[in-house]
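The following blocks contain the structures, represented as structure tokens.
One chain, chain A, links the two complexes that follow: it is found with chain B in the first and with chain C in the second.
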Partner chain A sequence: MSLSFDPAAVRARPSTETVAALVGTLARDYGERAVTSHAIREQHSHGEGLADPALPDVVVYPQSNEEVAAVVRLCNAARVPVVAFGVGTSLEGHVAALYGGVCVDLSQMNRVLEVNADDLDCRVQAGVTREQLNAELKGTGLFFPIDPGANATLGGMTATRASGTNAVRYGTMRENVLGLTVVTAEGNIVRTGGRARKSSAGYDLTRLYVGNEGTLGIITEVQVRLYGIPESIVAAVCQFPDLGSATRTVITAMQLGIPVARIELLDDVQMDACIRYSKLEGYAARPTLFFEFHGTESATREQADLMQQIASEHGGSAFQWASAAEERSKLWKARHNAYYAALALKPGVQAFATDACVPISRLADCLLETRADVEREGMTAPIVGHVGDGNFHLVLLFDPHDPADRARAEAIAQRVSERAIRMGGTCTGEHGIGVHKLDALVREHGDAVDLMRRIKRALDPHNILNPGKTVPLTRG
Partner chain B sequence: MTADVVAEWQDRIRAAAAARTPLAIVGGGTKAFYGNPTAGELLDTRACAGIVDYEPTELVLVARAGTPLAEIEQRLADAGQMLAFEPPHFGPGATLGGVVAAGLSGPRRPWGGAVRDLVLGLSVVDGHGTLLRFGGRVMKNVAGFDATRLMVGALGTLGVITEVALKCLPVPRCDATRAFECGADAAIQMTNDWSARGLPLSATCYWRGTLAVRLSGAEPAVVQAMRTLGGTSVDNATSFWASVREQTHDFFADGARTGDALWRLSVGATSPHAGLGGEQLIEWGGALRWLWQPSSIDAATVRQRAAQAHGHATLFRGSDAVRVAHGTFAPLPAPLHAIHERLKATFDPARILNRDRLYAGL
Partner chain C sequence: MLDAALASRLSAVLPPAAFLDAPEATRPYECDGLTLFRERPGAVLLPQTEAQVVAILKICHEARVPVVPRGAGTGLSGGALPHADGVVLSLARFNRILSIDPLARTAVVQPGVRNLAISEAAAAYGLYYAPDPSSQIACSIGGNVAENSGGVHCLKYGLTVHNVRRVRGVLVTGDIVEFGNDALDAPGYDLLALVHGSEGLLAVITEITVKLCPKPPLAQCVLAAFDDVEKAGAAVAAIIGAGIVPAGLEMMDQRATRAVEDFVHAGYPLAAAAVLLVESDGTPEEVAHEIAEVSRVLTSAGATEIRISKDERQRLLFWSGRKAAFPAVGRISPDYYCIDGTIPRAALPLVLRKIEAWSAEYGLACANVFHAGDGNLHPLILFDANRAGEAERTIAFGDRILALCIEVGGTITGEHGVGVEKLTSMCAQFGQDELACFLAIKSAFDPSGLLNPGKAVPTLARCAEIGGMHVHHGALPHADLPRF
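Let's look at the complex of A and B:
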């Protein structure tokens, strides 16, 4: 993707001598926890998106806040880039070491530090994964709801302001992080927020670091909200004659304030892929909504009945229910495997996903225009959407051996971003900017990008923290 | 016309920055008591008023900063919607800009979200005189740094808010308030248990042996929760919750007559009642405690007690002299204070916007 600025203008690779000296110091201080093998560096050179890999010079595995701070202090003094890494599930090239330097892998900082069951919160080290946290919460009656699909670390989810299928009910990382421990560019360890619901006095630094993509500081501990496991969980599937009737159903439900935990849209192409890939039986390849309701027995029943009524009024089919845990998990597994199901539509293809989010009243327009664009270009691109939030992903399949095919896919993706911005939305609802959406950020935010740039310069004057990401530092 | 007003503010801010003239940003002035005293030429935000866009199906309202909060709430109520964070007015002239700048939320906050959770985007003029637009009109937006949230609670020290996009929610179809006679710690324990069990709580208030709990939601859920909770019914529940939200409740009114200072303690929800320094009015399931203390009390002691309860203490209401002496907000650790100074320098290098109001020198 072409960029309208040159990151190298503000950040060059450090000299070989500088890097060699730093690697020597890290090897001395961290022994086997400072790794320079090609295999490990390669593993830390990319996330799960399409990023062209960029290898760090060394990967360090700190075990404490103090060790992270010490590494960052060395990098700051030597002006060497430092990139934080969780498990590498980000999608927009966030972890690629564009200018080499040090990758700080937080996977050995994976302790749940405290669970305050009465206060409904917990504090974890950044390397704790979402599934690990929920496993450790077993027996407390509590759970951490945010579910982006991948088994990401809490640190990574915080740094990218992740959300997922049940954000419509529980919010995103933005609403659920209560406080943080962050290592600043100078290597200071600071604590923001805390256990109190209202964040600490002063500016809301917690929210500034949530979604900073490792460019303003390295998050080492996260305090998050927990929720009681609902007494009753009911899932249902409803199929529609067209995209418009499915989205109108969602709009009506949101307006009535039905507290649905998840509403996921799969278009006909995606439904076809999922039926084949996940062996779903009894469904047609038509636009489909997956619902999940959380609450007491009576509340979920009432919500589901009301939802069925609304769907029927908009031409939806009778609900197919899944109340047993196994049925539900089969359904959501099919949803989470949508990406792999899409890939299986055309053997040998690669794919990447757009991430537009629009005001819900424009969702149908945005989906239909996008669908027409895809058809005009003769591409295959299923749509899945967290439609309760107006957020959808177009999964663009392309032939990796055909540059023209990839160019067509990228052009469609760019038009999706532009369309969303034009409709009052954003180019990215949950995946982030990373390296791929820098241009779109400028289109979306205009003058405010200048301010973001100034914030970056104020908090990381030597541009050592994940350089080349999130905010373009110079404009061409 | 409004574009003219904003352009005029931009010119004024540029001139003030060049001359290093402090500006005091004021809307309805209903929250002037909150924060440290600030001096400067008046910049009245009420000239920039009016609801710009409200589409009920969208659950989003966009209004200019000087729009009266009452006007916004009326418009929402007409469409069966509300601001779920129940912002306090603290007077008849409260404006939307003031609500966002103060960042104060009302009784529904732990369950309905805080101001910062429901502000989707905003426009501000920063201390350079530049008009900036952050965020947008959608709930999920991860495009760049979250500058929107930085403005919430910044008390106008980073920029003059000109326009705000808010998420609105449907008014719950059913409300019920139940009362319980109990001790403070029992009240805290019960409300946290109920909250963890997913009961549809929407407000709690404990004072002098009585716990009031509001339930909101669909009728069957509220009715079932009432059966689970028990308790007794409460007369005039609507005006009771309004008195808590607006601080006209006896606890606040009686204390105000004594000349004492009102402290707002934001603490871990289950912190014991004892040890915080006296009789409290307890909201948010225990997470928010209001406490009157003599103006002569050592502020450091109050703050230390709050810190031991995993929180912090704000000198919410007090004379100018008391606020100047102790500072409204708990002092920040040095590295955090340094970050605040850098952010202030980024937005307002001449330090002309509401100088000192958040922290002395900022």
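Let's look at the complex of A and C:
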């Protein structure tokens, strides 16, 4: 692997002739699976966050590791950018083709390759979505717990190091990916990790590629851990007079080490949005915690009783229970749709979802300061969060036709990042860096960014892999 | 010996008695826990502050002198083997626990702090540090990070990488870096994971923030006997397959139980071909339920006897044999060689059967003591280095076990690292594209190659020499390299 970094590769768009030649080759090799229509390119130009579209020149739908490798080899030879695409649900502009080039859409690589029930793991192609995987696991007694709001692909979840409501108990993608197949910038197919539960052979390439956002390699297969479906699952909802008491309930619970499986906060604005969007009945638009307990009958009862006690001490209501599967899934569906519910609060708006994560002991301070900031600015911005991990999202709604409104939203988001970092936390708990958080990364990580830059250069010397994302290649 | 000018520059940045170069002073550092390989370093440096570490690295980097970081020296793969022309940078004097935050459940510690000392200090808050390698009395937390150490409890609680929040370290150039974060996630590439298991090749660690776990209210242990090793292996797969993740799941075969019984008198059933230890922890309700489930699975897997610890004393007695297994085996054989491969659990019966067959073939006894729940094997091959040919046969036997681990989808080292011991096996496990990624990462951190050279990642040339080179698409890679 060459270590000399091509400085011109801190990137201009490739020339029209270069792109035309490459598109010609792709059309010859992939026929209808290489698409240049405007509609398809537009669809692949942005994720679910800010629109700010940037269109690729062509979208290719490979069906195998070898095809992905062949596409990347062509791009590497022609020095043309290549952006991997799952289902486009990322929030930080990860998939925008800032410099044009080839979008590799992995949606046709959507097979579950193997399920090893005895070893509690499975291997899937990158285009398998989390809901598809759990549907295919039906009947095995196993499930895959990581659940970002969107029905994302496993490849995309791995590339962005996604998390979800279950992370407090089951961890994030970081803890649950056992191995990967990755196509490198040179178009080689590399296998990392594997089915062994632990390995200390070589550097941890698996975790390096988890969260690489398509900038170090394209993930084509993912080996993940599975878990036995717990014997008993109980969900409960508890409403609070104010945000502070709800947050302090969470902090107390975490400090006591109650092994709660999910603990989600929705503030009054978000709860209002969810009640309307998901037709939840019997709840008030007040700060609310959703809980879920996993274990045996006696263990879940014990955990829930203890949790109720703590909540009551902080002024929480009596728990409303959901133990039937349909009731629970209605509740969590409402939670997963929180982002869409927030968007529906004001028709025509766009949203900025911040993604701060702080040490649990600072969660109340951080949330209350943030709430006050939003009120001062007179914005509509629901708060929703995986609060057991100290991770929360402020969904800033703004009018895309009013630059001042967008600027106000960006300023608040900026202050959330700074506040989280000041409190010993991070500006991105799970959504990643993409294009929007590059500055925050430098602020937060200082010297380590230099190392990240060197890793990027070592593994992708011509900067063809998702250029302009994740790590700022020039200083300042 | 280092040249005099360099020696005086290094001693000038160190406190008195922290620069050792007399042969009698450097001899204790000539190997780590893998005593098969020895080398005398040019000097041993014992800094006490991060500023001293920075100064040492700047001097060595400028003078192009290799630096081998060293913790407690308990490593089993030769990761701390000195370099004849270099210095050993010992972190032994970085031995302070800097703070414990019981609310955030973290502790900030220096790298030379012993693994067990963290749990001892955290006990006052009802907390402990979960990863527990067998050497936890002696091994240091910095070494644990460098090797990504495991232990009995890592099945449920994860490896070192899952239990560390933040690492501060110094690059070979003397630049200070921090990886990770006090919060759940850190943005950008996962450098924290990269430094775990990096065997001192990427940075010298100076400070670590570890996660602490609340002590479970109750722990109980089940001891199950089997009349057949394969059945015991199948029982392990059955427990995990039933969705149970015990706090510990360990296996010992008859040769191991007999050796320890003479040593610690744990009361193991000596007629059994294999013994499983299954630990459950949590609230009394959870433990009672899990123990019942485990017992049911063990019975249907053909256990001939099941004992459940009645109290803490008996639980510790059950474990005493497992913890003392290595020294106990040391009593019955002049030498032993500990193998460290990991396999998918479902392959346990097959691999154990082959090891037994090869044991007969090579005429070398083999005791099996291992983290069965993780599929992490530790076959101990018993031999006598003084008998001609036995050491060679032992190594051949060991290599064959590791090759089998790769064949069934596993890895050549579960937790002991590559060091100098397994460089050759690395060529078998990884193709040149993977190795090229490793070398690219090394060059991003340490383009000079001065940090712990010759360890962990083989050069492409080495793999070419031993013929383990992966031929891709029929093209011989690096055709310009000299081959032998």
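Assume the second predicted complex is superposed on the first by the 463 of 476 C-alpha atoms of A that agree within 3 Å, B and C clash if a C-alpha of one lies under 4 Å from a C-alpha of the other, contacts with A are read in each partner's own complex, and residues count from 1 in each chain.
The working rule: a contact is a pair of C-beta atoms (placed from the backbone, for glycine too) under 8 Å apart; a residue touches a chain by one contact, two chains touch by 3 or more.
Nothing here was measured: the structure is a model prediction, and the numbers come from that model.
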item	value
Fit-or-clash call for chain B and chain C when the two complexes are aligned on chain A	clash
Touching partner for A:Ser317 - first (chain B), second (chain C), both, neither	neither
First, second, both or neither for A:Ser163, with chain B first and chain C second	both
Partner chain in contact with A:Thr129 - chain B first, chain C second, else both or neither	neither
First, second, both or neither for A:Tyr203, with chain B first and chain C second	both
First (chain B), second (chain C), both or neither touched by A:Thr247	neither
Overlapping contact positions on chain A, where the chain C interface meets the chain B interface	116-120, 141-142, 161, 163, 167, 171-172, 174-175, 184, 188-192, 194-205, 207-208, 210-212, 216, 227-228, 255-257, 295-296, 298-299, 302, 357-361, 389-391, 424-430, 432-433, 437, 440-441, 444-452, 454-459, 470-471
Of chain C, residues touching chain A in the complex	101, 103-105, 147-148, 150, 154-155, 158-159, 161-162, 171, 175-179, 181-191, 193-194, 196-198, 202, 213-214, 237-238, 240-244, 282-283, 285-286, 289, 342-346, 374-376, 405, 409-418, 422, 425-426, 429-431, 433-434, 436-445, 447, 456-457, 472
Of chain A, residues touching chain B in the complex	116-120, 141-142, 160-161, 163, 167, 171-172, 174-175, 184, 188-192, 194-205, 207-208, 210-212, 216, 227-228, 230-231, 251, 254-257, 259, 294-296, 298-299, 302-303, 357-361, 386, 389-391, 424-433, 437, 440-441, 444-452, 454-459, 470-471
Interfacial residue positions of chain B with respect to chain A in the complex	55-60, 103, 109-110, 113-114, 116-117, 126, 130-134, 136-147, 149-150, 152-154, 158, 169-170, 172-173, 189, 192, 195-200, 217-218, 220-221, 224-225, 266-270, 284, 287-288, 310-312, 314, 329-330, 332-333, 335-336, 339-340, 342-343, 345-347, 358-359
Residue ranges of chain A in contact with chain C within the complex	1, 3, 116-120, 141-142, 161, 163, 167, 171-172, 174-175, 184, 188-192, 194-205, 207-208, 210-212, 216, 227-229, 255-257, 295-296, 298-299, 302, 357-361, 389-391, 420, 424-430, 432-433, 437, 440-441, 444-452, 454-459, 470-471
